[in-house]
Amino acid sequence: MSSNGAVRRAWVMLAMMAVLLLAVPFWGMAQEAAPAPPAEAAAPPAAAPAPKVDTGDTAWVLTSTALVLLMTAPGLALFYGGMVRKKNALGTIMHSFIILCVVSVIWVLWGYSLAFGPDKGGWIGGLEWFGLNGVGGDPNADYAATIPHQAFMIFQMMFAVITPALITGAFAERMKFSALLLFVVLWSTLVYSPLAHWVWAATTVGMDKAGNPIQQLGWVRAMGALDFAGGTVVHISSGAAALAAALVIGRRRGFGTDSFMPHNLTLTVLGASLLWFGWFGFNAGSALAAGGGLATSAFVVTNTATATAALTWMFVEWAYRGKPTVLGAASGAVAGLVAITPASGFVGPISSIWIGIGAGVLCFYACIIKGKLGYDDALDVVGVHGVGGTWGALATGLFASKAINSAGADGLFFGNPGQLLIQIKAVLVTWIFVFVASYIILKVVDALVGLRITDEEEKMGLDLAQHHESAYN
Amino acid sequence: MKKIEAIIKPFKLDEVKEALTELGVQGMTVTEVKGFGRQKGHKEVYRGAEYVVEFVPKVKVEVVVADGLAQRAVDTIMRMAKTGTIGDGKIFVTPVSEVVRIRTGETGDGAL
Amino acid sequence: MSSNGAVRRAWVMLAMMAVLLLAVPFWGMAQEAAPAPPAEAAAPPAAAPAPKVDTGDTAWVLTSTALVLLMTAPGLALFYGGMVRKKNALGTIMHSFIILCVVSVIWVLWGYSLAFGPDKGGWIGGLEWFGLNGVGGDPNADYAATIPHQAFMIFQMMFAVITPALITGAFAERMKFSALLLFVVLWSTLVYSPLAHWVWAATTVGMDKAGNPIQQLGWVRAMGALDFAGGTVVHISSGAAALAAALVIGRRRGFGTDSFMPHNLTLTVLGASLLWFGWFGFNAGSALAAGGGLATSAFVVTNTATATAALTWMFVEWAYRGKPTVLGAASGAVAGLVAITPASGFVGPISSIWIGIGAGVLCFYACIIKGKLGYDDALDVVGVHGVGGTWGALATGLFASKAINSAGADGLFFGNPGQLLIQIKAVLVTWIFVFVASYIILKVVDALVGLRITDEEEKMGLDLAQHHESAYN
Amino acid sequence: MSSNGAVRRAWVMLAMMAVLLLAVPFWGMAQEAAPAPPAEAAAPPAAAPAPKVDTGDTAWVLTSTALVLLMTAPGLALFYGGMVRKKNALGTIMHSFIILCVVSVIWVLWGYSLAFGPDKGGWIGGLEWFGLNGVGGDPNADYAATIPHQAFMIFQMMFAVITPALITGAFAERMKFSALLLFVVLWSTLVYSPLAHWVWAATTVGMDKAGNPIQQLGWVRAMGALDFAGGTVVHISSGAAALAAALVIGRRRGFGTDSFMPHNLTLTVLGASLLWFGWFGFNAGSALAAGGGLATSAFVVTNTATATAALTWMFVEWAYRGKPTVLGAASGAVAGLVAITPASGFVGPISSIWIGIGAGVLCFYACIIKGKLGYDDALDVVGVHGVGGTWGALATGLFASKAINSAGADGLFFGNPGQLLIQIKAVLVTWIFVFVASYIILKVVDALVGLRITDEEEKMGLDLAQHHESAYN
Amino acid sequence: MKKIEAIIKPFKLDEVKEALTELGVQGMTVTEVKGFGRQKGHKEVYRGAEYVVEFVPKVKVEVVVADGLAQRAVDTIMRMAKTGTIGDGKIFVTPVSEVVRIRTGETGDGAL
Amino acid sequence: MKKIEAIIKPFKLDEVKEALTELGVQGMTVTEVKGFGRQKGHKEVYRGAEYVVEFVPKVKVEVVVADGLAQRAVDTIMRMAKTGTIGDGKIFVTPVSEVVRIRTGETGDGAL
C-alpha cells in the first residue's frame, strides 16, 4: 500500500522521533537523587515568606488538570472523530490521542522550560528547567503560591496538549500521520512555547525596597493584555494555525461534490459534553486556587456563556435553515466555551450572557462564510476557535471589571477603553505570529515528509491507509 | 419457481411478513437497501450547510415461491405494503431455475 | 416537511425565547461594576462571625458541580439516547443537552432567586437575587458557610438542570422540539423553583438573644421533612411530571405492535456508568463540605445502595425471565442511586444495603406493572424515578439515624416513627403538586404549539423530522 | 436455549448469591444507631494527638475514588467491550459493570476487614470491621491521618473492584455469567483481600517509649517491598490470575482461523482515555493527601510514563509491522499506566520516561509472543498487566529515590541494590500465590457450575446467549 | 451464465469462499441479510418485557458462473455450508443473460 | 424487462446515479455489499498480529428497465463506473418477468 519511498521516509521520521525521545533522559536523572532538589533557584528570594502548599488549592488544581486532559482525549478526540466519515474515524481520534502523548513528553523535557522558565528578555524562557530540573514540590510564587510548582507545570501541560490537537480539525481526513507527528513537535516548540511565554510568563528577578518582588514579564503580558485561561494562547493560536493548515494542505478530494456528513453525531455530542465538563478545569482551574471566589466566579461565567452560546447558535440556525440542529447546539456550546476562556476570570454572569450571545452569532456566521471562501477547514477550527477566541479576547476588553477580579482591569463598558486597544494588539500579534510561523512550519514539513496522503489512500480512508485498522467491524 | 423481490417501506415489513406466512410461504430473506425514485429524499444540515440526501431507506424482501403461488404472493405483498403515497415501492418477479435446501439437499418446490 | 402553520408557530416560539433571553441582560450588568458587590444584603447580619471560604470544601463543591453537570450531558443523554430507536437517537440526546442550556440561563436569571432567594412566607423566594444580584464570592451561611455563595448557586443549578431532563424519558420519540423548550421554561419556573424552595430554602431574618440566627424556612422543610440530595425535589418530581406527560402526550405510534428495542445499549451502559460517577457529586456534594465525614459517609452509602440495587434488579429479573440482563443491571443501579439520594446524608452503610434491595425490587416490578397499565412512559421515568424516589423518601423515614448526621433525625427503625409520617406527607405533597401543575402546563403547551410531532414525522424519527440530521451515516 | 440442568444450576447460583447478599445486613445495622460509633477502637491510642480531617485532602481522596470507579465502568468496560466481536459487546461490558457491583458489596461486608482490618500475624485482617463496624468518620492514622477512615476504605474499594475486572479480559467471549459471579466472590475474598493485606496492611498495636506507634505490618510490606499504588496487588495479580484463567478455560472457538477483530475501536480508545483520566485518582490519590507534593509528583510521573509508553509501543509496532496502530498507542498507554503504578510515589519524571519506554517495549513483545505460545488470553491481560506490572515492580527497585519520597527507599540506580532484590521477592510471591490460588478457584467453579458457555452459545455470542440482549439494533 | 444465490449461516462464509475459489470461481459478492424461515429466532428482554426476534442474521453469497460450472458450484456451496441443523439456508439459481466487466468491457464468460 | 445489477466502487455511486437519471431511468435500489475478486483486500493489524481482510466494500446498484433501454443503461454504467483499475466491478443482466408498482398496481413497463 505504501511505496518504498514512503517507507523510507517513515523510517527517517521514526529515527528522528526516537532520538528526540531518547537523547535526553540520560541527562537529568541525576537530579532525582539529590536530597534537596535545586528548586530554590526558581523560588522567590528568601526574604519573602516561604509560600505554603494549600491542600484545597492543590486538590482543585490536580482535579482541574485531569479535567483538561479529558478535554483532549476522549473529549476532542470524539468531538472531531464523530464529525468525519467512517473511514477516517480512528485516524482522527488518533490525532488527539497521540498529540496528548507527544506534547506530554516534550513539555516535561523542554516545552515547559521554554514557556515558563527564567525569562530571557520577555521573548522566551531559558532551558534551566529542562527535564523539570528544579521544578519540584515547592510552590513557585511567580505563578501560584499555594500549590506545588509541578502542579502548575502539569496544569499548563494540558493547555500545551490541547492547542495543537485543536488544529487537527483543519486538516482532518487527509493528513499524513508521520507529518502530523513532525508538525506537532515543531509547532509545540516553536510556536506554542514562545507564545505562552509572551502572554503568561513571569520571573522574579529581585526585590524592591518595600520587599515586593520585581518581575520580568512576557512582552504581551507586560503590555497589560488580559487572557485568563488562554483565549489567545490556545484558541486564537489554534485558529490561526488551522487557517494556515487548511491553505497549505488544500481541500479534501471530492470537496463540493461528495457528502462529508458526520459519521456518528452521538460521539460528537459526547465529545462536546466532555469538553464542557473538562472546561471547568480549564477556566476555573486557571484561578490556580479554589478559595477566594475567583475559581467559583470563573466556573459560573463559563457555564453561563456556554449555555447561552449553544442556545444562540441553535436559534440563529433555526431561523436561517428552518431547523435547530444538534450539531449546531453542540458547536455553539464549544464556541461559548472558547469565547469565555480569556474573560472567565474577569467578568460577571450578566456579561457572560452577552459574550455567549456574541459567540453563538459570530461563530455560526463564520462557519457559513467559510463555505463561500472555499478553503477546506474541515471541522471549522477557524470558525469556532479563531473567531470565537478573537471575540473572547476583545470581549474581555469590553466586559472586564475590577469588581470581579481586582488583579485584572476594567474594560470599555466599565470605563476603560484603553483595555480594548491592548486586547486588539494582543489579538493581532497572535494571529500574525501564529499564522506566519505555522505556514512556514507546514511548508517545511511538507518538504521533508509530505503533508498529505495519496489520492488512493484518501479514498481508502485514514484508518486503513495510515493505521491498517478500521473503527468498526 | 419464481423469485419475488419487493422493495417496500421499512415499517411495512412486519405486516408483509405476516401476510405471506398466512399464505403458506415458509421463508423469506430481507435486506436493508437504499432506494432512489420519485419519492424525494430528505434534507440534512451540517454546520449550517444544507445537503439533500436522495436515497431513502427501504427494505428488500426476497421470497422464492412455487409458480402457482407467485401471483397470490405478489398480490398479498401489494395489498400489505401499500400506503397509497409515493415511495411505496416496486415488486419484481424473476424466474428461478433451481432451488436447493442446503440442510437436506432437497431441490425444486420441495426445497422451499 | 413542516406546514406553514408549523413554521409560523416555530417563529413565535423563537421570538418568545429570544425575548426571554435578551430582555434581561441589559438590566443588572450594572452591579458587576460596583467595587463592593452588594453581597452583604444576603449575608447574615454582621454580629455573627463572618463565614470564611474553605479551599478544600470549595474544591469539593466545584468538583461535585462538574460531576452533576456530567450526569445530564453526556450521562443521562446517552443513557436515554441508547434506549430509543436509531432514528430518534439524536433527538433524545438533544433533550438533555438543550435542557442543560436552557435551565443554566434561567437559573442565573430568575430560577435561583425564586428557589433560594429571600423567603416569602415559606412558599417562594423573592426576585431580589435576579441575575445573581448579590450572589457573589462570600458564603451565604444559610446554605453553606464555607464556600462562596455562587458555588452553592451553581451546585444547585445542576439539580435544576437534571430534573426536567429526567422527565424527557416519558415522552421520548414523539415530543415536538419547540414544545419541549416551552415546557422546560414553564416547568422549571413554575414547578421546580417553588418545590425546591419548599424543601430546602432558609432565610435568616434576625437573631435571637443568644446570637443565633432566626431562619424562615420553606414550608416542607419547616415540617421537618428530610431530603438530603433531592429525593422529592428531583426524583419524585420528575416521576410525577413524567406520569402526567405520558398521559397527556399519549402512546407512541406502534405501541404494542412495533419493536421498541434499544438501538445501542453500549451507550446506555456508558450513560448509566457516568450517572453513577456523577452521582457522587450529587449526593456527597450535597454535604456542601469535604470535611466532617458527612460527604464521605454519603459517598459510601451511595455506592453501596447502587451496587446492591443493581444486583437485586438483576437477580429478580433472572428469576422472573430466566436471564440477567445488562440493561436490568444498569437500570437497577440507577434505581439504587435514586433511592439513596434523599437518605444519603442520614443513613449508614448497612441501611443503604436495605435501601438498595428495596429499590431493585420495587423499581423492577414498577416497570413490569407499567406494561399492564398501558400508558407509555417510554423510558420508565415513573418506574425508576417516581417509585425509586418515593421509596427513598420513605426509607429515609425508616433508616435515618442521628448517629450518622446529628443535624438530621432518627427514623422509625431508630425509634422515631414520627419521621416516617413527615416523610409520607412530603411525598404526597410532591406527587400531587407536581402531577397537577405539570398536567396543566402540558395542556397549555399543547394548546399553544402542539406537544406532539405528526404521524409522518414520528415514522421518520425525531432526528430527521425535528433536526434535519441523522445520528449515524 | 439453556438446558434444564443449566437452569437448575443457575438457580443454585442465584440462591447462593442471595444468601450471601442477605445473610448479613441484619447483623450490624445496630451500630448505626449508637450515638458515638465505636470508631475509637480503630483509632490510634489516645496519647497521640487526635488526627484531624483535612478538607483539601478529603476532597482529593473522594475525587480520586470517583475517578477510580470511572476506570472500571465505563473505562475498562468500554476498553474491553470495544475489542471483542459485536455479539459479545454487552456481555463483556457487563463483566466490568457487575464486578463493580459485587465487589462493592463484598468490600463493605467483609472484604475491607479482611484486607485492612486488625492484623493477624501479617497474613490477614480480622473480621472486627465486618460491615464497616468501627469504620467511621474519624481518620485511622495507620493508613491516612487526615481523611475519614471511610474515605480510605472506599478508595481502597475501587482497587478491589478493578482487579478482578481486569482479569475478565483473559476469558472474554466464552465465560458463563453465573461462573463469573461465583469466581469473583471467591477470588475477591480468597486472593485479593489477603494479598492486599500482605502488601499494605498496618495495625498499631502499642506505643514505644518515644510515643511513636508500634505497627504490625503485612508480611510483604514488612519485607520492605515498595508498591505505591498497586503494581503487585492489582496488576501482577490480575495478570497471574488471567494466565490461570486462559489456561483453565481454553481457547475460543475458531482460535487461529476466525477473525477476532475488535468490533468498535472508538469505544476502546474512549475506554483507554478514561482509564488514563481515572488513573490520576489511582496513583496520585494513593498519596492519600493533596498537600506535601507527593500527589502532584505521582500525577506528573503517571502522565509522563503513560505518554512515553504509548509512543514507544507505537514506534515499535511501526517498525515491526509497518504501520502505527491506534489500538497500539492505546495499549501502550495502558501498559505505561500499569508500569508506573507501583513506582508512582517513588520516582521522578526522568525515571518515569525510562519506565514508560520499558513498558512499551516489553508489553508489545509480550503480546507478540503470546501468539506463539498458543494460549488464548483474549484481551492480553497477561501481556499488559502481568508483564507491565512486573516491569513496574522491578523498575521501582531500580528507579526509586528518597529524594522524591523520603518515606520510600532508594533503588539500584540510586545506590541501593538491595531494594531490587526485595522487589523481585515480592513479584515472585505475588505471581506464585495468585496463579496457584486462581487456578484452584477456577477449577472449583468449573466443577460447581461450569466455566464455559456451550459451543452453540459461543457461536451466538454472550449477549444473546447469556443476557437475551443485543448491543445494537 | 448462471447466478447462484446462497443464503447461508454467517460463520460458514469463509469455508464457502475458500471452496469456491479452489473450484476456480474468481469473484463473488456478499451481503448481510436477515432470514426468516423454519429456524426460530431468538428472545430478547427489554426492561423485563420479552420480545421474540424472528429474523436471524444470514449471509447472502452471490456468484455468477459459466453454465458449465454451475452445478459444481452449487454442490460445493451445499457441502461447505451444511451443518445439518435447521437454518442452513437455501441456494437459488437464476439465468443471467449478460455479464460485463466494467474495467475492460469484456462480456460473456470471459468477464467472470 | 431487464434487471441490471452492477457491483461498483462505492465512490462511483453518485456519478452512476446521475448518468442513469439523465438516461431516463426513474428509480434504482442500492445495497452495500462486500466483494471478493481479483482486487486484493487490505491488511489489518490487531495488537501486533496481522490479518488480511479479503472482502472489499462495494455497492450494488439494481435497476430494472424496459428491454429497449437495457443496453444503453449497461453502457452508461460501464462508462461512469470505470476507473480502469482492478476492482471496478461487474454488471449482470437478468430477465424480469413482471414488475408491479405497489402504490398504483400498474404493471409492466409502465410500472418502472
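Just so it is clear, A, B, C, D, E and F label the chains in written order, and each chain counts residues from 1 on its own.
Everything that follows uses one rule, which is that a residue touches a chain if its C-beta (ideal position, glycine included) is under 8 Å from a C-beta of that chain, and two chains touch if they have at least 3 such contacts.
Every value quoted in this text rests on a predicted model; they were computed, and no experiment measured them.
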TODO: Touching both chain D and chain E: give me those chains, sorted by label.
DONE: C, F
Task: Computed distance of Cα centres, chain C from chain A, in Å - done: 34
TODO: Please work out the Cα centroid separation of chain A and chain F, and write it as a whole number of Å.
DONE: 47
- [ ] State, to the nearest whole Å, the distance from the C-alpha centre of chain B to the C-alpha centre of chain F.
- [x] 18
- [ ] Provide the list of chain C residues touching at least two other chains, using ranges where the numbers run on.
- [x] 54-57, 59-60, 63, 259, 261-262, 264, 290, 321, 323, 325, 327, 467-470
TODO: Check each residue of chain E and list the ones that touch at least two other chains.
DONE: 31, 44-46, 50, 94-95
Open item on the list: Is the chain-to-chain touch network here best called a line, a ring, a star, complete, or other?
Closed with: other
Task: Listing of all chain pairs that touch each other, if any do - done: A-B, A-C, A-D, A-F, B-C, B-E, B-F, C-D, C-E, D-E, D-F, E-F
Open item on the list: Going by the contact rule set out above, which residues of chain B touch chain E in the complex?
Closed with: 3, 17, 26-31, 64, 94-103, 105, 111-112
- [ ] Report the residues of chain D in contact with chain E in the complex, numbered from low to high.
- [x] 1, 254, 257-258, 459-460, 464, 467-470
Open item on the list: Looking at the complex, which residues from chain F come into contact with chain A?
Closed with: 11, 14, 42-46, 50
Task: Residue numbers on chain A that touch chain D, as the complex places them - done: 2, 7, 10-11, 14, 17-18, 21-22, 25, 27-29, 31-35, 37, 53-60, 62-63, 65-66, 69-70, 73-74, 77-78, 81, 89-91, 93-94, 97-98, 100-102, 104-105, 108, 131-132, 136-138, 147-148, 150-151, 153-154, 157, 177, 264, 267, 290, 463, 466-473
Task: Contacting residues of chain C [partner chain E, same complex] - done: 259-262, 317, 320-321, 323, 325, 327-328, 331, 364, 367-368, 371, 380
